[in-house]
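Chains here go by letter, A, B, C, D, E and F, matching the order in which they are written, and residues are numbered from 1 within each.
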Amino acid sequence: MDDELLAAGREVQAKLWPRVAAGPTGTFPAAQLAPDFYRYVAASAFGMIWSRPGLALRDRSLVTVAQLAALGRTDELRAHLAGALNLGITREELVEVLMQTAVYAGVPAANEALTVAATVFGVGDQ
Amino acid sequence: MDDELLAAGREVQAKLWPRVAAGPTGTFPAAQLAPDFYRYVAASAFGMIWSRPGLALRDRSLVTVAQLAALGRTDELRAHLAGALNLGITREELVEVLMQTAVYAGVPAANEALTVAATVFGVGDQ
Amino acid sequence: MDDELLAAGREVQAKLWPRVAAGPTGTFPAAQLAPDFYRYVAASAFGMIWSRPGLALRDRSLVTVAQLAALGRTDELRAHLAGALNLGITREELVEVLMQTAVYAGVPAANEALTVAATVFGVGDQ
Amino acid sequence: MDDELLAAGREVQAKLWPRVAAGPTGTFPAAQLAPDFYRYVAASAFGMIWSRPGLALRDRSLVTVAQLAALGRTDELRAHLAGALNLGITREELVEVLMQTAVYAGVPAANEALTVAATVFGVGDQ
Amino acid sequence: MDDELLAAGREVQAKLWPRVAAGPTGTFPAAQLAPDFYRYVAASAFGMIWSRPGLALRDRSLVTVAQLAALGRTDELRAHLAGALNLGITREELVEVLMQTAVYAGVPAANEALTVAATVFGVGDQ
Amino acid sequence: MDDELLAAGREVQAKLWPRVAAGPTGTFPAAQLAPDFYRYVAASAFGMIWSRPGLALRDRSLVTVAQLAALGRTDELRAHLAGALNLGITREELVEVLMQTAVYAGVPAANEALTVAATVFGVGDQ
């Protein structure tokens, strides 16, 4: 794994998730099982793709949220909704993206994504 | 949002879920976050599509259960299995629909759907 | 492969596709490559599932069309739309099933399925 | 179908596809088979969702392209890539969205989407 | 359901899951609801497909794990990861299969599958 | 993009597709539109994942074919079936993988994959 790519990737990840980036990495079970995988994701997904010029970081975040909602990937959606807020995308914008998901991926996909968003945004908590 | 469409949609929803329709609406977290979304679903999905003549309500329910099972949308499947029972579709018919799902969407989709159905039907409870 | 299951399956297939069932079988390339697969489908999908009591053949056809539309399986959808017509399900009913697919699987799935149906029904031909 | 919703939807569609909007509507086979469906899409998807404030039209276009690429809906992707260009989104931005699709939906999804984009952009033509 | 097919299927299942095969069958809720379904799976999936010569049992296990990871079927993935270990496939090989899933089905699919694998392998437990 | 990763990736690609690797690269429309994407795939998918020890190249090929069949990615499936043959995997083994796909992803997925395989293997040609 290339060190420069890893550093470039970690830099993008730190913008999306400043608190996670500041803490220790790789302590969850899947990262203990396959530490190389999470280095691969940092170096390739973030270091080779997200770090490219040609599309604003805000836009990369918005389209990622949209794709994760459409594909029903709720764990990753949770993380990227938090990341989007950290980049300054508003709750209202995110809700609109998730509502529109109903058109292209069906009502259940939008419903599920809004349920995840309610958790991330702390809506409905006591 | 058009009031007539909303009313037409709510009428269909009341046939599928009489008890829910009689109670207060929009109290779950996602509905608190995006109340417009659930009005949109009532007005468009139920008011514009389910309320159309040309296909029996029973058939609309059956094909919805089938699609949700095939797509692995378990939350919505749970709701629509309950709705199907309310419309008079039998457990046996629903089990047959879910078994047949294995042919077109694979055994894991059918297995997951039958697990949801066991919960809805109260099978395996103490 | 069990002969009784195969016979039971072929009987169901003959109701859906009388003309195909009357002709020679297995002449398309995939059937030449894997003749066992198509015997397996006849014996298991049709002989073990479709032939079961507990759900009307018409309902089995309707939910299959719905699932294939939701999953975007256009080749199989074409065959099962033709089969549904052979069982006496009307064009109008099938169009309603496909329109409703937009709610659960998204507008593009419904759009694609209606395009297939237009071909099967000979709509838009010169 | 509500006339105001339909008008609101057609207004959005005219921004995405000015030339289509200026011509006759509903002449393709699926629209001949199910004209109501395309009115439903205009009134609900475009009139009820895309026309909402809270998210820029440019952002709605970008996330739609992203979702269609992730879901492998090539026909709709073709139309929305053209729509995105009409809204002033650049080719470079769209290529970045499609490349990033590899991360969340896999390399084959991105590959297929870039193949569609090459056609829409007239790249590789003689 | 054919007894010979069922026996052939049970024989394969006993190689994948010796402990389950030795115990009572069909005690989970979905099996109580639809006992015929699980006999169908044993007779068709295992008795008609897995029991065929032409592909090593180890290879059948490996490609099944790969498909379940790609499709996001976590319950079945859990069972087949355990089955793969019982056949002698190593943890390292399984981790490599799941990492590679990121290329063809996206990073979230691989991430989810590795999380399941960490549970099956007892990684990250106290 | 790292040169060493790219070289490692190209080496794997040359084993799967010796003839393609020997010819000029990037001449198809999508590669003209997004040449960086195909370098990214070579460096990340092949240079960072496929080139890893821990899983035999033959096994990587087999599970890739299985995943592409399950996901319905026919273009990539075509290429990887050819690659599998180049690695010495037999037609019979590949047909078994594709037949088994019916169990986990449904009969239509297997049917579609076998149709692709018939083309790659030249079965049914005049």
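The criterion applied here is as follows: a contact is a pair of C-beta atoms (placed from the backbone, for glycine too) under 8 Å apart; a residue touches a chain by one contact, two chains touch by 3 or more.
Because the structure is a prediction, the values reported are computed rather than measured.
**Q** Tell me which chains count as touching both chain A and chain E.
**A** Joint contacts, listed by label: B, C, D, F.
**Q** Please state whether the interface between chain C and chain D is built from the same residues or different ones, using more than half shared residue numbers as the mark of same.
**A** Because under half of the interface numbers appear in both copies, chain D and chain C meet with different residues.
**Q** So which chain is the furthest away from chain E, centre to centre on CA atoms?
**A** D
**Q** Could you tell me which chain lies farthest from chain C when each chain's centre is the average position of its Cα atoms?
**A** Checked the centroid distances; the maximum from chain C is A.
**Q** Weigh A-F against E-F on C-beta contact pairs and write down the one with more.
**A** Counting C-beta pairs in contact, E-F comes out ahead.
**Q** Would you kindly tell me how far, in whole Å, the mean C-alpha position of chain F lies from that of chain B?
**A** Their C-alpha centroids are separated by 40 Å.
**Q** Between chain C and chain F, what distance separates the C-alpha centroids? Give it in angstrom.
**A** 30
**Q** Can you check how far apart chain A and chain D are, centre to centre, with Cα atoms defining each centre and the answer in Å?
**A** Distance between chain centres, rounded to whole Å: 24 Å.
**Q** In chain F, which residues are in touch with two or more of the other chains?
**A** Each of 36, 40, 44-45, 49, 52, 68, 71-73, 76, 95, 99, 102-109 in chain F touches at least two other chains.
**Q** In graph terms, nodes being chains and edges touches, is this line, ring, star, complete or other?
**A** Chain contacts: complete, every pair touches.
**Q** Any idea which chain F residues touch chain C in the complex?
**A** So the residues of chain F touching chain C come out as 72, 95, 98-99, 102, 106-112, 114-115, 117-119, 121, 123-125.
**Q** Where on chain D is chain A touching in the complex?
**A** These residues of chain D touch chain A: 44-45, 49-50, 52, 54-55, 59-60, 62-71, 73, 76, 92-93, 95-97, 99-105.
**Q** Over in the complex, which chain D residues touch chain B? Could you list them?
**A** Going through chain D, the ones touching chain B are 1-2, 4-5, 36, 40, 43-44, 48-49, 52.
**Q** Hey, which residues of chain B end up touching chain A in the complex?
**A** For this pair, the touching residues of chain B are 28-30, 32-34, 36-37, 40-41, 45, 68, 71-73, 75-76.
**Q** In the complex formed with chain D, which residues of chain E make contact?
**A** 102-109
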